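You will see subunit A twice below: alongside subunit B first, and alongside subunit C after that.
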Partner chain A sequence: MLALRWLSALALIVVLSLLFWRYAHPASIATASRRRAAAARYATHPSAVIALLALLALYVIAALAPWLATHDPIALLPQSFVNHPPSRELLFGTDYVGRDVFSRVLFGTRLSLSIALLATVLSVLLGTAYGLIAGFVGGALDTAMMRLVDAFLAIPRIVLLIAIGALWAPLGVTSLVLILGLTAWFGTSRLVRAEVLSLRERDMVAAARALGARDLAIVRRHVLPNVLTPVIVSATLGVAGVIINEATLSFLGIGISDPAPSLGNIIRDGSPFIATAWWAALFPGLALVITAMAYNLAGDGLRDAMDPRQVDR
Partner chain B sequence: MTEPLLSVQDLRTYFRTSAGVARAVDGVSFEIAPNESVGVVGESGCGKSVTSLSLLRLIQRPGSIEPGSKIAFEGTDLLALDDEAMRKIRGNRIAMIFQEPMTALNPVFTVGAQLAEVPRVHSSIGKRDAWARAVEMLGTVGIPDPAERAKSYPHQLSGGMRQRVMIGMALMLSPSLLIADEPTTALDVTIQAQILELLADLRARTAMSVLLITHDLGVVAESTSRVIVMYAGEIVEQADVRELFAKPHHPYTEGLMAAMPRAGTKRERLTVIPGAVPSPYDWPAGCRFHARCPYAWERCEREHPPLYQIGAGHVSRCHLAVEPERRNTPHVPLAAQIGARA
Partner chain C sequence: MRRLLARRLLQGLAVVWLVGTLTFTLLHLAPGDAFSYHDRHIPADVIERWRHIYCLDRPLVAQYGCYLRSMASGNLGYSISQQRPVLDILIDYVPRTIELMFFSLLLSFVAGIGLGVLEARHRGGFPDWGSRAIALFFYSMPDFWLALMLVLLFAYWVPILPISGMEDVINGPSFSGWQRLVDHARHLVLPVISLVLLTCAAIARFQRAAMLDVMRMEFVVTARAKGVSENVISRHHVLRNALLPIITVAGLTLPSLLGGAVLVELVFSWPGMGYITAAAIGNRDYALVMASVLVSSVLVVLGNVAADLLYALADPRVRAA
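Showing the complex of A and B:
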């Protein structure tokens, strides 16, 4: 549990510093007026606003899990409490070995969110760096790098994850973050490369060159800040995918293993008994659906808000 | 004549593509004296922009400057410099401004930050000093309330203001040569005049030279002392600006002037030069203009004309220099005949 706490603290620091860098840095992406306009556009999507509130609530719940939990998520209750239906004492009932599902869902959400966030940060860093290099250097290197991405994209993500997971087993939190992050960056790299290809042909790059700027300065000042918007949108949508992938792995028994709770393995523990003790699988399932949907809707809202060229559907 | 600031000899910039070799700039030679203002005119695709990018060695693959070309600037052979030494010339000694100031400025930084970045690229000047110089430069290029405007983003400024910012960026390090590639094309006429005036004013104050690239003879007439006319990757005529307007020699120059709309003349339609610039992959043999020329005769199809000296500082790449009587018998150009038949 110590590792968990450490990881969530780290995730929080990463998110806060990203937010700080984006909004408080003097050379921030958007001016105050542009930011207000984007916020206003975001607010016109009720689903996106609800999703954002849901995400905030989820993170608060995850952060406060140790205080909100009514029971120890790992401890077994007495034999008579096995597969106990929801009650005032046991909000979501108990599972097949007599653990409190409510507390497990709280801690499971916490672990799943942390893993997904860290893995997404990793994949965004990797994908952005990879796409930048391929797009900016161009030529044969670009072709080689992108064919490699095509090759990886051709393998269904979940098959890739199962294969790596099986080779790497047993997976801890760190190794799970690594394999999820290392398999999630292909799309980001393509997106970044495409943006870079268009940005590097802009007059501002030619003008910077004509004024003697080095390639590194051009990437840092002209290319990177202008690719951040699509990257942030795709990362937000990406978190949803990573959460599902993590849950899938844990459900299949390759990810987080008992007794530590993750949404995936709680669902797995409950699923054989779904006909008699439906609560043990339903509540973690709902938590998973809500989390993934909130990220998807928030991502859609962000995309519409940050890119005014896209018309509302 | 004093030692030229820039001397270009037999500049050839070719693009080797799968479709063949495009000879975009094909043997161009000219000089620019200190504090001189030289105009380069010609239609789209005649090689003027490639020429200016070649001077800064900013030609991207698959283009390359061919061996045998020579660019001497302030006594240095630019083509012999390594990349790092060339980078130090850019912005520092030779600066360039572009046509569209909206796309040449970075939308995510304030204009002050973009100006301040220029000296920081070339020296270890502190952030605060660089900012102060940026604000000072904004004042120099005629932006009112520079300290406040420096905090604006490009989209908050008008087109003319943005072009002033671009000029300011180019002048941050007092270069001795400013290349202006169509600096006023994207602006409306009154702003255009202001920008040209600003350039002339800055040139008078700083002793820099200006190479002004444009397709607009009016712009050239207003703000340069010498004109180079380019066609199909070559210089076809070069003269003092008054001489050129009074006595254009090359039929292409004549055509360009006839095509200029003039106030006070009643013409229903603008005169045009028939046909279009030929493909750089396959320049015509003989004179490259012969198919569009109203005077062309058999010699023009066969023999590529050299630059004939036809006056003091006036050269023209046209066989009319040696057979001037041909000018009395104009005919319908070949390109127009083909057009009529089709």
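Showing the complex of A and C:
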């Protein structure tokens, strides 16, 4: 648990500082102005701005969960508080063993956000590397690598996750991050490969090659910066999917297991009592929908802002 | 046409072989084997015999060959929790999943295409962003939670629809043929609605984009200049051309629809593939879980082949290629 907390904090800091560094030190004036234009375009989408604010708020809430929680998320309240409806004292009511759902949702959001962020970073790194290699090397290797991706994509993601989860159940937090990350990169790799294939044929690459640039230098200077945009967009949209997949695994009882709260297993605990104690299943689900929606809207906004050609498609 | 079919089927076969190899690899990376976990009293020599039949007592390469051979002959293993061959179980359960998916896909397309057309025609207006906002809301929803909320709504708050199984357990046996059909349809409603709400958002999005693409074309401008009414333009000029790409979307939505079906089946106790797969997790029934991975990929591949063929039928340019 502690290791996860540090890892996710570290991942967040690395991602943010990388983004900030690239933003603060643009390669050229043209890049700087393009970036400013993108930011301005993003700001014209009210829904995207609201989504960004919502995401910020969610991360602040997740970070402050221990201080915002009104109760211990794991401690059991006295017997008379089992399946207690929402009240001023117990904002979201209590679950079937008498735990405060509000505090559990706070901590669950925290765990879901950390797991999804880490898993997405992992899958983006994997997918980008895979797509780069396939697209840049090309030939038989490309064909073989892409057929493998086809096979992965032919298995419904959640069925694949269930199968892996079932074989190694119960999963810890670390293995959950690994499994979610390792099953989320197929789309990214396809995207990167397609982008690389078109970039490879551009004049700038031919010019660099004529000047004697090595493959690695070409990839770093010309290919990687240009695939970054679609990758960032797909990663943002991908987080929403990963959050939902994590919740699904925990709902099925092969993800985070009791008593640690995750949005999925709070719903799992609430689902048998849905008729009488709907609050235990409703509120964590709302938290999930809000989070996934914010990521989806932010991703849509980013796509429109970064790639004006794609607007309104 | 026949060559296209043959090529697609061959490619599909390669994908299925890769998926089979993948499940084989996963099984061998996992702790234990298909017969390690069971809570029933099965004599050790019976377990040993099973291990021998499924080649689990042989070296890895031989096991792989054995696995491929048995897969090719339709022998998908032995389910330790249900105590019968996996293939028999799947023959019982898969058709019910297909039934669920067929109706969901059909309704998703009707709803998705309708919404997409509406959005494109009122682009930027209230019907456009209103419908897109609602679509995004459902798109961002975990399948199982949507299903649970429908249970809450229709079973307890407005109790008008059955929420579990596929037939009335108490009165079902005394129903006549017609009543039985109505009863079955009533049980289908909620699972299908969940899947449609989850899927039609993506289809509407594609349909809207396709409509907007076609609307930019010159023949639409010409039609408008000739004074053709907007209704006729969107029905005859735009929609007909914008329907083509949606066929491909059918293939693309299949994996997520099938994945959604797994959870929706679980919540509504619809006795299909997802339902037994979820049950198999708890029983550590490796053979059954792995077979469902394989079967779902076969379903996806077949769906994609069908979509390709439909596309070729609808668009002569593809047929020639």
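Odds and ends about this structure:
To be clear about the criterion, the second predicted complex is superposed on the first by the 295 of 313 C-alpha atoms of A that agree within 3 Å, B and C clash if a C-alpha of one lies under 4 Å from a C-alpha of the other, contacts with A are read in each partner's own complex, and residues count from 1 in each chain.
The rule is short, and it goes like this: a contact is a pair of C-beta atoms (placed from the backbone, for glycine too) under 8 Å apart; a residue touches a chain by one contact, two chains touch by 3 or more.
Everything quoted here is computed from the prediction, not taken from an experiment.
Aligning the two structures on subunit A places subunit B and subunit C side by side, free of any clash.
In the superposition on chain A, A:125 makes contact with neither subunit B nor subunit C. When both complexes are overlaid on chain A, the residue A:267 reaches subunit C alone and has no touch with subunit B. Looking at the shared chain after the overlay, A:209 reaches subunit B, while subunit C stays out of its contact range. Here subunit B and subunit C are compared by how many residues of subunit A each touches, and C touches more. Between the C-alpha centres of subunit B and subunit C, as viewed from that of subunit A, the superposed structures give an angle of 90°, to the nearest 10. In the superposition on chain A, contact of A:160 is made with subunit C only, not with subunit B. Applying the stated contact rule after C-alpha superposition, one finds that A:178 touches neither subunit B nor subunit C.
In the superposed model, A:50 lies in contact with neither subunit B nor subunit C. Once chain A of one complex is fitted onto chain A of the other, the partner contacts of A:139 are limited to subunit B, with no touch recorded for subunit C. When the two complexes are overlaid on their common chain A, residue A:221 makes contact with subunit B while staying clear of subunit C. Superposition on chain A places subunit B within reach of subunit C only down to 16 Å, the least C-alpha distance between them. Against subunit A, the residues of subunit B that register as touching in their complex are 56, 58, 61, 87-92, 95-100, 103-110, 113, 117-118, 121-122, 153, 156, 166, 169-170, 172, 179. The touching residues of subunit A, when paired with subunit C in their complex, are 47, 147-148, 150-160, 162-169, 240, 244, 247-248, 251-254, 264, 267, 271, 274-275, 278, 281-282, 285, 288-289, 292-293, 296-297, 312-313.
Within the complex formed with subunit A, the residues of subunit C that make contact are 14-16, 18-19, 22-23, 26-27, 29-31, 123, 133, 136-137, 139-145, 148-149, 151-152, 155-156, 209, 212-213, 255-256, 258-260, 262-263, 266-267, 277-278, 280-282, 284, 286, 289-290, 292-293, 296-297, 300-301, 304. Only residues 27, 29-31, 139, 202-204, 206-207, 209-214, 217, 221-222, 225-226 of subunit A touch subunit B when the two sit together in their complex.
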